[in-house]
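Heads up, there are several structures right after this.
Shared chain: chain A. Partners: chain B in the first complex, chain C in the second.
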Partner chain A sequence: MRRWLAASAALWRLGIAEAVAYRTSMLVWILTTTFPLVSLALWSEIARSGGPIGAYGAPEFVAYFVGAFLVRQLTASWVVWDLERQIRLGDLNVLLMRPIHPLLHHLMQNLAALPVRLVLAAPLAIAVLIAAGGATWTQDAGALVVLPLALIGGWLLNFAVQASIACLAFWVTRSSAVYEIWAGLFMVLSGYVLPTSLLPGEVATIARALPFHAALGFPTELAVGRLTSVEAATGLAIQWGWAAAAWLGLVWAWRRGVRVYGAYGA
Partner chain B sequence: MSELVVRAEGLSKRFTVAHREAGLGAAVRALFRRQTTTVEAVRGLSLSIARGERVGFLGPNGAGKTTTLKMFAGLLLPSAGSVRVGGWTPHQREREFLRSISLVVGQKRQLSWDLPAVDTFELNRVIFEIEGRIFKQRLERLVSLLAAGSIIEKPVRQLSLGERMKCELIAALLHGPQVLFLDEPTIGMDVAMQAAIRGFIRTYNEEEGATVLLTSHYMEDVAALCPRIVVIDEGRLRFDGSIEALTREISPLRRISVSAARIPAAAALAALGRVVEWSPSRVTLDVAPEAVAAVVPALLAWPESRELSVKDAPLEEVMRALFSRAKTDEEEAG
Partner chain C sequence: MGRSGARAVLRLIAAQARMSALAALQYRLGFWTEGLLGALWSAIGVIPLLVATSYQETVAGWGPWELMAVTGLFMVFSGIFGALLQPALIESMEHIRRGSLDALLLRPVDALALCLTAAFSPWRLTEAAAGAALLVVALVKVGAAPDLWMIGAALVVIAAGIVGLYALGILALCASFLAMQLQNLTYLFDALLDFARWPSSVFRGPLKALFTFVVPFAVMTTMPAEALLGRLAAVDLGIAVVVAAGLLVIARRCWSASLRRYASAGG
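For the complex of A and B:
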């Protein structure tokens, strides 16, 4: 365990150094994830001019979408691109030659970027909050306890889904194309474009049980105080259930994939 | 015999490779009916390597050298046969196995591109569990041997190819591997840098008693470093022994060169041996080993005879002869 922690810490330090070295590209990446802020402008204006939509008035939309923006920064992963490229080009060889699991390398690389990303994203979120009229955060003690677990669960779910899809590269040429399908569904069903509770009828019920909502909509709603204790507990159970399933899928794909790995490249 | 470090028995590796003709139509057809071929990269290779040996893997492109090395290093699962390295089954990638070996690939890098190499060295210190004092000693020693003091703190992207390879070697050796797999470690380097890297590998082998397996397209690398060579072609073992033994087997003639005031016409030299190169002031002959004792005095008797040398045929020529002979044998058998 001590060895594992020491290796994780070393990888995290290297990841931080790389994240700082790539700070400009990271800032650009953050700017590409500002879609919730576009949704904020759109939906809050509609609510202002036409009255509340469901349980969302203009201030609720502001709180929700700024929350979604920040939750996205804290739970996002990009392992699908890195791991797919490494498998396809044979760059995974380097990680396989180290006496630690290659996925630990990716876990810590992704985790290391979070503080840097938050430092870069926070000023943007604060500026939006000032411009749009402030935010609402949950004051409920229970929700505040559950929130870190929900953020961790969201991050673990995103990471495992991406890494599992990347592992398809052991068998097919471009697994990231499969991820585009996931990303498309994520846009609609996660609460990224609009809160899932505003989807029509049964679609909302189904969407809120799917992993897309578990990854983004659930932690966002929890953060802005829109969930009861029962809803929070149920949401957390669903989210961690999906995360566990995604990790099982990842372990399965990894174990089989490494056996057929071509180690291409010189 | 010394302890065996590498032991391969009937080792084979098959790959399924997709292929299609050029053009849009072929691309569309491939979507529905993918054509594949099974390529046998390594076929029934049996090989043993003792502790501390320096072994050169030779063969043309696609011969199976790198695939063999990757199976030895645990990156590829063999399709058939077995291999043990240092008592471990490589593909199981046990932690202690990975701590006892290192793989350096000339065209791949383990160093973080935008950070100084020292950051990767520090990472390796932790993940290979190198004790602090030993790490410091080894780093100082490796930096000194490779004269790399001024480069390890620069971002890797700003290093030349040779400088980068020096840092790659340091990163690969900090944990003191007892088995070192080197795949084209000098590729793309100038002659001086190749010589420096060769010298370093020899020193590491001699000081640490490490086993070294090397593939290289540069025959000088192999000739200078490896008392033993293993020749692979089309996945099969073609030769295993010393360079001298290979040369005697494939190209037994000795190559004699001499300068003189006036070299006789080429036709007049046929009785001495086969003329390889001729100019009015210098000649090179291939001579049967048993005739060398008679030919050398005859050449020295020429007016102003000087700079006489007797050598084996160059390794490149020997390899060409070996591969063309293997092809002819196969065609005759087929």
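For the complex of A and C:
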């Protein structure tokens, strides 16, 4: 156990050092996730010119989308690209030789970049908030306690889904194409381009039970104070349920995959 | 560049396009993953607009099928970007990173032309074709009957939009000369293109100016749609042409300056 902790700490330091060294590159990656800020412009303009949409007026849209942008930064993961490439090109060999689990390596690498990512993203979020005239956050003590759990759950879910999809590379050559499907559905169903509660009737009910919403929309709505305590508890249960399922899938895919891994290609 | 030079460039582009097309035909799965899925994801971006029109009749002055026309134009541009520009940029940046750009610079054709035609993903053109079809359907549904003059204006603005797109691509290429860390700029470009999904009238103040003059997404999707619907002011047509020409001049200058500074691998 001590060895494991020491290894994790070392990987954490390595991850931070890498993230700091490639800060310009990371800043560009952060800018590629500004879509919620585009949605902000669209929706607050619609609400301003034609009145509130559902339960959202212009200030509520500002709070929601700045929140979504920040939640997106805090739950970000990119393991699908790295792991898929390592499996496809055979670079995974290097990680398999090490006395720590390759997934732990990726886990710490992704986790360590988050603080750096937040520091780089915060000025942009603050600038938008000032330009839009500020926004309200949840004041509810219960929500503030649940929020860290929701962020951790969202991150664990994203990481496990990406890593599981990357593991498909053990069997097929281009598993990142599968990820494109996930990413496309994520865009519409997660609350990234519009709050899922605005989707029509039954579609909203279904969307809010899916993992896409659990990964982004749920923590965002929690942060901006749009959920009752019952809704928050239900949302957290759904989210951690999906995260657990994704991790089970990941463990299964990894164990089966490593056995068929031929060190080069599928 | 003389006339024979221009002919050499054209022949070269044709040869490179043929080779990329042959390579793409070997991977027919690409038709499904890159072509159809790409078109689907691109079209799916219209959902927020449809949701908005279920709450209000128009979005920033645009009705549902007019918004579909804008989406169709967005798909045309997204397809052109994904098929022609993005692969070429990624390939060229790889050349810059590895220093193999030297081999390109030695060839007796314009280096920029070589870079901009370095690679080609034909399947992504499916998206552009689907976008053109969506545009036609939307115009029929709206009941628009564009005359020759309106179609001409739309074509001029679309051409200006393509020139603007390429100029921005050249600028991204120039940036990758400065810092290897900027090689992911083409993905940023891809993400920024999403701003062109919506009519520029939803943006205000500085954002509106940004998307008209600096990153002319308004020129690419909103203005052609306005032209076809008969709403484009003559002054906007002028702005589109001037902005595209201006960006092209800046991009060409940046390219020359970057090449002068280029010191091969790791330089």
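FYI, the second predicted complex is superposed on the first by the 264 of 266 C-alpha atoms of A that agree within 3 Å, B and C clash if a C-alpha of one lies under 4 Å from a C-alpha of the other, contacts with A are read in each partner's own complex, and residues count from 1 in each chain.
Just so we're on the same page, contacts are C-beta pairs under 8 Å (C-beta built on N, C-alpha and C of every residue); 3 or more make two chains touch, one makes a residue touch a chain.
Quick caveat: nothing in here was measured; it's all calculated off a predicted structure.
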item: Which superposed partner A:Ile100 touches (first chain B, second chain C, both, neither); value: first
item: First, second, both or neither for A:Arg259, with chain B first and chain C second; value: first
item: Contacts of A:Thr32 with chain B and chain C, given as first, second, both or neither; value: second
item: First, second, both or neither for A:Gly50, with chain B first and chain C second; value: second
item: Touched partner set for A:Ala177, first chain B, second chain C, both or neither; value: second
item: First, second, both or neither for A:Tyr22, with chain B first and chain C second; value: both
item: Touching partner for A:Thr234 - first (chain B), second (chain C), both, neither; value: neither
item: Chain C-contacting residues of chain A that also contact chain B; value: 22
item: Residue numbers on chain B that touch chain A, as the complex places them; value: 15, 66, 70, 73-77, 93, 95-96, 98-99, 101-103, 105-110, 112, 114-115, 119-120, 122-123, 125-129, 183-184
item: Residues of chain C touching chain A in the complex; value: 33, 37, 40-41, 44-45, 47-48, 51-52, 54-56, 59-60, 179, 181-185, 187-188, 190-191, 194-195, 198, 202-204, 207
item: Footprint of chain C on chain A - complex, ascending; value: 22, 24-25, 28-29, 31-35, 38-39, 41-43, 45-46, 49-51, 53-54, 174, 177, 180-181, 184, 187-188, 193-194, 198-200
item: Contacting residues of chain A [partner chain B, same complex]; value: 3, 6-7, 9-11, 13-14, 17-18, 21-22, 90-91, 93-94, 96-100, 259-263, 265-266
